[in-house]
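Two complexes follow with chain A in common, the first pairing it with chain B and the second with chain C.
And then the complex of A and B:
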């Protein structure tokens, strides 16, 4: 889709009145009245404090809010931050708000931000999640400084999490991306991140915007594009992840937003990852990993039951996706009761790799492949929870590290599945 | 008397010989038409099979679940099946057109009927094939949705979806063929009505608790309907 189709006339007019900008901050909203006013104020405060001499613009892209979100953005934009803080801008801080005529979509909103950044020739951009309840003014510095002053291309956040929050990230996304692309990105689906003008020019015409994966999970596609383009990546610690309550409660929706974009990106960037067999370290500031040890409330029996019944009920679907030996092992695990349950790292990694290869080959409808992973993830989550329920922070970190090493050790198996199936098609 | 018999036999023989002489070239023509028809049908089959392979028709069918269906029925791959079908239809059409060249008036009427029936047969087969694909796709979608929503008896739901689509497909295919239209329509209405009524009764009376839970989950606040598993965000 061309720039002129992405940017509405009204937005174009507003962007032209801005002219050029050094820094652009994009905020995608959809009924975020509860948090957006304060969030815009904090973003402005951070920009005034850390980038007083730069030409800065905030772009709010709204997906048709009905709760007055855009009014709150406008109000926050004209309210005088200077009264509350000792920081003064030496240039005008523009705050633009626009709506797009489409169903709310993170991908659509992000595409608008990227197109606007391209038009404004912004050197550094940041995306901020509208529900970031823990946001601090210095996040602007942490996300934008490495790009604007140190010439990195992509700044990925690291959040402090409770020990079992984000198990899909710790048990699949992080270790798989680390093994496949050779870079340990802790948060492959970041709520907040920064990117450079070089990455904007790479992504402006990218096919991801026209694909379901890009529409539903643009953050993952964005991250993987940065990895595949060999961009200079920096990780920055932002503090506690403040929007856990707003994450999808539905596991299938979560898989569609993360695993589907990852598999899709792997498919389109095969040439850039197939030869990687070394994991690099990434420059970073702050701790690379931080977990809280709050007590956990979860119905383990239900998790186990949903895994066991899922494997039985989806047997025919899994036959199309998994190899005979992996399916047989899964069925053996599903037949175990809770006391004897063992779902090894190796089996989990083989399952994930075979799913990725089957997605690549489209053995059945791709969305069905992603949905079929849900019960198998529940089994993995059950195993991870029971093994680590009484583990210390260090033990937990070591277990995740061991899983990462298994993903890395079995990467040849992924390549084997990938190429063997290609040969067979 | 003997001369008369010999004369009649001679006349009959000469008439038979004349008729045979009249028919043989036509038979030969029919044979040539059949051979040429076979060649044409074969060329079309090869071309169609190549095109289907080029557009990865088997791959698409595999994704839609048609290949598994055909494997179960010990049938060849979808592209092979379709090209074989087209081969037989083309050859049969040309062959029958050739037979009508014989000039046998009784046959001509029947051949015209069969020839007019063939395109409808092809359309009906295509409807049936596509219907099976759609049925498989939606049955699998229903199964996955039911399993991931932790609904009881997900296979029943999946099978109901499949049966409904298959029954609808068969009724459409028969309607296209013009066979027992009313019977099929009535049978479909009865099956569909009975199924819906059965489901309504089962859901409303037999599954009051399930209905209540469903409605609660559907209309209550998102946070309230989160299950314990959901206290841990996967992301």
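And then the complex of A and C:
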């Protein structure tokens, strides 16, 4: 059942006009006037091309734009009042827009989309990031077709990325989710994804919407919920994606949007993942993974320094999070100069698993745990970059695969930490 | 509100389309006839119709259900004699029912003496009455209408060793309207029937009268010249008679057939009909409002003629490819239901025999601007038989009662011109006039009431239309105005209940009076007017300032 508080009266009136929908596309915006017009045009073109007979609505949930974003969305509607040239549609295509009063929040916006999907009884929904400059009309088909026509519950995207884009995903989110939930979701925090009415029913009353993790990182919670629900998941290759456009430059903020929701979701879905010890393949279309070889521009020395100083500065905090053995190994690594630096996959995996377990046990403030991961991740990123600076595409893929296998091999260690009575060992 | 002048009778008419053969067989030969039709006029009068449109009843080889005429001034012996026709005409007049007959101007049967004479020799005085050619390459690119049966618009005549032009079946050669003698003869034909007392003609296939190289051979200026000439003669000699165009064209092309009020009095609005069905299935008013927006204004004495179904297939010529595919998938999933570019089904089966949808579609038919046409049997929800060839599946005998041959004929069932519908849903024992007359809430009774309400105000026949565009696109709403009178029509195209807010600020202070039950609805105030409608429900409200 929809949460009545989440939907404004104005939105309810608009939804009343939409009635029942087969397909709903949600777009969360906040001052996206520069890109939103073109994006909505492409979404509309894709919907008309691939779902010409379906009842379709585009719902823009806006976090208080002052630049006319919502007007641009509404202008894309196709009705019997507005001339839709050059597009032709059999039926009305609704483009509706609503603003919420809180500070801009992806979780709030997604909650509204889910509530609207529930009210409209939409059979298939998609979320599209407002800044997706690479979007093509066929993304609508790729995201929605598996749900609408093939009865999948969740469609996760695969993007073509540059080799060092999204290292938080390749070094933590992807391998950890793969090991923990047994499914290789390449983009656990997708800008675009699709979901079914069944998933809407599961999520509409979910506690994630009331938690910081859900408010800040709803995409991860969404993905993990689908995994924990044993939903039918499909991966679709959407093509190239710009440089981590949804990921803030601030690493701590990025961790709050990705790692925190993952840890939180693991906490609430333990029963569904603790016994998983195999990795399934997922049905998909297109390549599973594609990387570009653009040159990297990172200040490696500074990255190394931030890691080394972080380990020293946060020593007391890390003591309460990490085991004595892991902390000691970490401190040894931090003491190495750049020339001799070595940060093994195994150490990194243990660090991550111990952080997750400590988050679960709330050994200290959970947000402090997430923040404390930042310098340790920098060390891992430094190691990954230096080791793969001259690696080929295949080598890079093999290194990531090896890391995944380490996450999987050490899953018993995660369970051991998770179920330990007290922090530290 | 005063009625229209008598000369504008067609604007306020409710037309009933029937083939004489299908109505009632008075002599037990298995085929309906004029004496039988005359016996059923009381039924039609009670239904409330004001005009009958008779499909071709002339002598004919009947290879196209009478649209292949071999004698324009007589009656096919199957249906009686010319005297029988006169008896019928008098009986109709005595009940104030007008009679419109069909005239196929464009072509004759190849059995017509004119064609026989024409083909007999290149020196025949009637050689130039048809369009002959030594090659089949003239008028290249002109579309073929009967795609399922014809490969070309030219047919080889082995007798005269030349090709003749035909836009329809090859046994229907086109007359040559560039020949003044042909135009004169066709006027003589019209004059013959007008002198007997018919009130108008439905002129078949009018866009194709004249051919010109390098054109589509449709809607040519020369065709309009022919029509204007006929209309002028009609007005001069028989004022108050009416011409109705069958021109399956887009609204912009159709507009030309009204001329400046000096061509046709009425024309069928072909593009509207499939869009009504489409809107109903889509549960979206867009197809209807769009075609209404594209419908041009017509001269004041002129009128659109509206229909839901007729004797032909539900034509999908005037829709886009996407729309046609949708209509086929939704309304003719069985390929046997498809014919040419259309769907050969009756109204009730098209709408899954859903009484609510049948009522809604009729409600729109009778409230949109134009003169409505009821196809015989649709007023009781008759079914069809897609296993009969061509369009014969929608031309089966009228189902009068549950007795012998549905009360249509005393003949042996095997000798009927077409098999009766026998299935449990639409068979004559389930669907017939007698049983529906017995109850107040049958479709027939409801149709009678609909016609009464329609005829209670000339606003439906002569009023203007203004579409409303409420945010709820499943609701089709429009306002009809005539003089100081206003009627609001609200239709729910959806299978589920709907709420709709209507901007009626222009009518603030008026109360709404529902026209079927005469109940009063709240006064229109400052706020948008909120209405709720059940599935497929519609309202007709008269606005009153009290």
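The rule is short, and it goes like this: the second predicted complex is superposed on the first by the 403 of 425 C-alpha atoms of A that agree within 3 Å, B and C clash if a C-alpha of one lies under 4 Å from a C-alpha of the other, contacts with A are read in each partner's own complex, and residues count from 1 in each chain.
The working rule: a contact is a pair of C-beta atoms (placed from the backbone, for glycine too) under 8 Å apart; a residue touches a chain by one contact, two chains touch by 3 or more.
Keep in mind it's a predicted model, so treat the numbers as computed, not measured.
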Once the shared chain is lined up, is A:53 touching chain B (first), chain C (second), both, or neither of them?
second
In the overlaid three-chain picture, which partner chain does A:169 touch, first (chain B) or second (chain C), both, or neither?
first
Quick one: classify A:258 as touching chain B (first), chain C (second), both or neither.
first
Should A:365 be classified as contacting the first partner (chain B), the second (chain C), both, or neither?
first
Tell me which partner touches more residues of chain A in the superposed arrangement, chain B or chain C.
B
When the two structures are overlaid on chain A, which partner does A:396 contact: first (chain B), second (chain C), both, or neither?
neither
Once the structures are superposed on A, label A:303 by its partner contacts, choosing first (chain B), second (chain C), both or neither.
first
Tell me which partner A:91 touches in the superposition: chain B (first), chain C (second), both or neither.
second
Can you name the residues of chain A that touch chain C in the complex?
13-14, 16-17, 19-20, 52-53, 55, 79-81, 88-92, 94
Please name which positions on chain A make contact with chain B in the complex.
164-169, 189, 244, 247-249, 251-252, 254-255, 257-258, 296-299, 302-303, 306, 309-310, 313-314, 317, 320, 362-365, 368, 371-372, 374-375, 377-378, 381, 425
Sites on chain C touched by chain A in the complex
278, 282-287, 289-290, 293, 320, 322-323, 326, 467, 469-474, 494, 496, 498-499
Per the touch rule, the chain B residues reaching chain A in their complex are 59, 62-65, 68, 137, 140-141, 143-148, 150, 154-155, 222, 226-235
